[in-house]
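Shared chain: chain A. Partners: chain B in the first complex, chain C in the second.
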Partner chain A sequence: MEMIRKKRSDNSLIATYLAIGATVVGVMMIFGILMLLAQGGVLELQPAAFYQFLTIHGTGMIGAAALAGAAVMWYFLRNYVDLSKKIFGLNLLFSLIGIVMVIIGVFSFEYASSWTFLYPLPALSANAWGTIGALLYLVGMLVLGVGFLLMYIDVGRAIIKKYGSLGKGLGWDVISGKKAEADAPPATVVASTMVTIVNVTALTAGATVLIMNIINVINPSFTFDPLLAKNLTYAFGHIFANSIIYMGVIAVYEILPRYTNRPWKANRIFLIAWTMSTSFTLVIYTHHMLMDSVMPKWMLIMGQILSYANGLPVLVITAYGALMIVYKSGIKWDMASGLIFISMFGWTVGVVPAIVDATIVVNHVMHNTKWVPGHFHMYMGLGAVVMIFGFMYFLSKEDSSLKTNLFDRIALICYTLSIIGVSGGFLVSGALSTPRRWATHFPDWMGPAVFGAVSGVLAAISVTIFVIHFIRYMMVRNKGNEGKVFHERKLA
Partner chain B sequence: MRPGILGILLYGILLLPPIIGLLEGQMILHMLVQLPLLIFSGWLCGAAILRRMPNYRAKWNGNGIPGILVIVFITTYWMLPRAMDESLVFWQVELFKFIGLPFAGLCLRDSWPKIKLVGKSFLFLNYLSMFALMAWLYIDAPVQICNNYAAQEQQLLGWGFLFITATMIIYLVQMVFTDQSEST
Partner chain C sequence: MIQTVAWITSLFFMLMVAAVFGVVALKSKERKDYEPIKKKWYKARTFYGISLVVLMLVLTIYTLRELPYNQPVYGQGKDPTIVDVEALQFGWNISQTSFKVGEPIEFDVTSADVNHGFGIYDEDMNLIAQTQAMPEYVNKVYITFDEPGTYEVLCLEYCGLAHHLMIATLEVTE
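Coming up: the complex of A and B.
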């Protein structure tokens, strides 16, 4: 009973994470819509404003989704290992400070390097922004990174304490046959271990390149090798952005079994898939370098081959597992299980254009077209983010007696269609060779942008409905009249 | 020999003018030998000194974090290339070096056992990325950064930092991938 009460009080911190994350995602969608309207020639927007919107949209989406993803991970992982709530709270605090600095830097000081802050752009803006804006943004990102780094250190510490090492957290002793499959670490632990490994790497690389940029902004006479800077920047950005889906997928592993009363078994193939994706994720950021002919050829070829394979092992094993666990299970479909299932669809569909793009031949044509946002809006917007929304409905159901209504179900359908619309608009633009990150489009390119904007409005409305439901849940549980022993209630 | 005496001895040796001349004559020796040895001397003397002032320790450095902050500030300062330069030119900076760094070592002695594993790991990773940055800065800089040292020495120092960074990475990887369940 004591345990349950403690967990319930931790839930309020988790809910805060999710409420902030989902709200920011919704607000960032508005900036996305404004960008599309500007590109579509409907809205008069100064290019400077467009690039500020681009910067805040990219940074905000990745930051907010990562926060919410961390909450999903933390919620389930605490059942297996001993996590520090203090550090989890600290991460939220640092993230909020970082976000505020980034917002001030972008909107008050017109900083607009896009979220990839590629060296030497932060210092060389041709006076589009000044030192203060760049410093606010870069230091803000650093502060954000400090919070996340602390959290992953704590997660890693807890996993090592319980399982002995990160290798064992990935189940290497089961893979090697030293331990029986039945004793394999739970799927949640495996995924959390993977995310810890790749994100500690990403954040350490990110800290190096952020401080480098800060030095360069303060004193431009200190210059650095731009190619190494690009490598480190994408090692940070690519990995960190990718990690979101690997935190979100924990919701799939935990929620579907509860709905079907079938366990999600981490068998040997599952473990191998996760280990493969761990190592691929660490090296395939090189696909961002395919245009850099100075990179060693072997690295680029590796980047290409592994890009085909990057998320694929985990995706295949998870999609297959999800189908198997649902198949003839008599699962009851509601908002949570529905969203979780859709997220698997979004993830799968979103990966296909990525694989096409990762081919060097295609990449020379498609890279830097809107094809690229086309693929990642699909797997982020309809994959990772939907896992988070699904978890939010799961939490509100498990932790309160709040019911969903017709609006929620309509929002689910609208959201799915609208993200397909947004991503489809991008993909069509890409096929028309529309460059990405261009504030203004030729008339030929405008159609898909306007279509995307209209779809985007629908998405933003749907997210608003999701958020309203979640806020209502937070209000209900704050009233404290949820005294029932909720965990004994069966979902299935 | 008791560590305290060893520390004083080490400090004394580091103070000898010929040793100062030798270590400060080469950039890499200055940064990666003299500065760390000064910290080490403070750390060696630490136990004996700290034993005599338990109240101060509890009052000022109860949880170890103030001490760690002192260390971070002092060591970060000495990572600035101009700090090394100035210590050769201004006696005040040289004095600060010979007092500040042993003091950092003393703080290290007091703070390290007090901070939690998460804090230790965080510090470790921070120094890891700082050292990587130093390696990058010194190897890559197209200009001579310090007035008193040639560009070539600067590069050598960069490689020294790279070596340290690589060692830290190897240490980290073997720590997290070998079984820790017996030892802790």
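Coming up: the complex of A and C.
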């Protein structure tokens, strides 16, 4: 009883994470729509405003999705290991401080380096922004990063305490045969271990390059190697953005078995797949540098090969597993299970254009075209974020008596179609060679942008409906349900 | 054209993925025991996994045969024209902008300030080659124009507020 009550009270922190995350995603969509309207020639937008929107949209989306993804991980992981709620709360606090600094830097001080802040752009803006804007943004990102770093260190600590080491959290002793498959760590622990490893690395690289940029902004006579900075930036950006889906997928592992009454156990192949994902995720950021011919050639060739290989764990293990568990299961479809299923679809289709673009000869003519946002809007917008929305419906059902209604179901369909529209528009633009991050487009390139903008409006409306449902849940649980304990219900 | 091949390939596989998810969703309401399903589909997975690896291997080998980084083998006495390109906020310094059809060219690309991207577009505005323009480093692009016309150089790495205005032209004549 005591345990359940404690969990219920922790749920309010988790719900706060999710509410902030999902709301920010919805608001950022508005900036996305405005950018597409400007590119489509419908809206007159100053370049300065466009690039500020680009910066806030990229930073905000990644930050918000990471925050919500962390909440998904935390919700399930606390059932297996002993996590510190204090640190989880601290991460939220750091993130909020960071977000406020970023917003002030971008909108009050016109800082617009895009979320990749590629050295030495923060210091060399051709007088578009000044030192204060750059510092607010860079230090804000650093604060955000430190919050996340603390949280992952706590997660790592908890996993090591329970399982002995991070290697054991990934089930290496099961892979090597020392331990029976039946004693393998649960999928949630495996995924959390993976994310801890890759994100501690990513955040360390990110903090390093942020500090390099900060020093350079304060004193431009301190310079750094731009190629090293680029490597660190993409190591951070690629890994951190990708980790979101690896946190989100925990919801898939936990929710689908409950809905289908079928187990999803970590077996040896599953563990091998996750070890592969861990190591590939750490090194394939080099696919962002395929057009830097000064990089060692073997690194770029490995960049292609490992990017291909990185598709295997998803395509062969995770997506396949999700399909198998649903196939002829008599699953009860509702908002949570529906969104979770769609999220696996989104992740899987998003892998296709990503792999195509990781091919060096293709990258030669598609790198930094809108093909790139095309693939990641698919797996972020239809994959990672949908896992989060799915989890939000799961939580509201598990933790309150709030019912979903027709609007929610319409929103689900609308959202799916509209993100396919947004991503499809980007992909078509990419196939037409439209460069990414261009404030204006030539007339030939405008059509898909306008199409994407219209789709985007539907997506934003759908997210509003998801968020309203979730806020209603938070109000219901705050109101009269105190003391009334909801037991872990079997949903199937 | 590579973009068309990439688009069709992607579309094909994306539709396949959609079809598979669609079929599974349609068959989800039926309820069967999990054990036999697992047995059957684990077997299928082995086959599927191996096919996928083989497909990827073939594609890897096929697509890695010729890389844009490699200096092409030039005919005897036919050294490439070396063109120095320097990107800066916000424009291009290109040492030579008129070329002949069939003339092998090597663009040595660098930057005076921040990162830029050097992208060459043909008359139909298709991107045909690119590399990064980076301070302190020189990246190379090898190209031989097959068609006469006016080609454009667009900036392909975000470099500041006039990023989308960094356009230069190259003239190629018979």
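Just so we're on the same page, the second predicted complex is superposed on the first by the 483 of 492 C-alpha atoms of A that agree within 3 Å, B and C clash if a C-alpha of one lies under 4 Å from a C-alpha of the other, contacts with A are read in each partner's own complex, and residues count from 1 in each chain.
Methods note: a contact is a pair of C-beta atoms (placed from the backbone, for glycine too) under 8 Å apart; a residue touches a chain by one contact, two chains touch by 3 or more.
Source: prediction; values computed, not measured.
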Touched partner set for A:84, first chain B, second chain C, both or neither: first
Which of chain B and chain C A:141 touches, first, second, both or neither: neither
Greater chain A contact set [chain C / chain B]: C
Contacts of A:225 with chain B and chain C, given as first, second, both or neither: both
First (chain B), second (chain C), both or neither touched by A:250: neither
Touching partner for A:167 - first (chain B), second (chain C), both, neither: first
Partner chain in contact with A:463 - chain B first, chain C second, else both or neither: neither
First, second, both or neither for A:444, with chain B first and chain C second: second
First, second, both or neither for A:327, with chain B first and chain C second: second
Touching partner for A:204 - first (chain B), second (chain C), both, neither: first
Residues of chain A that lie at the interface with chain B and also at the interface with chain C: 225
Residues on chain C engaged by chain A in the complex (per definition of touch): 2-4, 6-7, 9-10, 13-14, 17-18, 20-21, 24-25, 27-32, 34, 37-38, 41, 45, 48-49, 52-53, 56, 59-60, 63-64, 66-69, 89-90, 113-115, 117, 119, 121, 125-132, 134-140, 154-164
List of chain A residues in touch with chain B within their complex: 84, 87, 149-150, 153-154, 156-157, 160-161, 163-168, 200, 203-205, 207-208, 211-212, 215, 221-225, 228
Residues of chain B touching chain A in the complex: 117-118, 121-122, 125-126, 128-130, 132-133, 136-137, 140-143, 145, 176-181, 184
Contact footprint of chain C on chain A as seen in their complex: 47-48, 51, 54, 112-114, 116, 118, 120-121, 124-126, 128, 225-227, 230, 262, 289, 291-294, 297, 300-301, 304-305, 308-309, 311-312, 315-316, 320, 323-331, 333, 341, 344-345, 348-349, 352-353, 356-357, 359-362, 364-369, 371, 427-428, 430-433, 435, 437-440, 442, 444-445
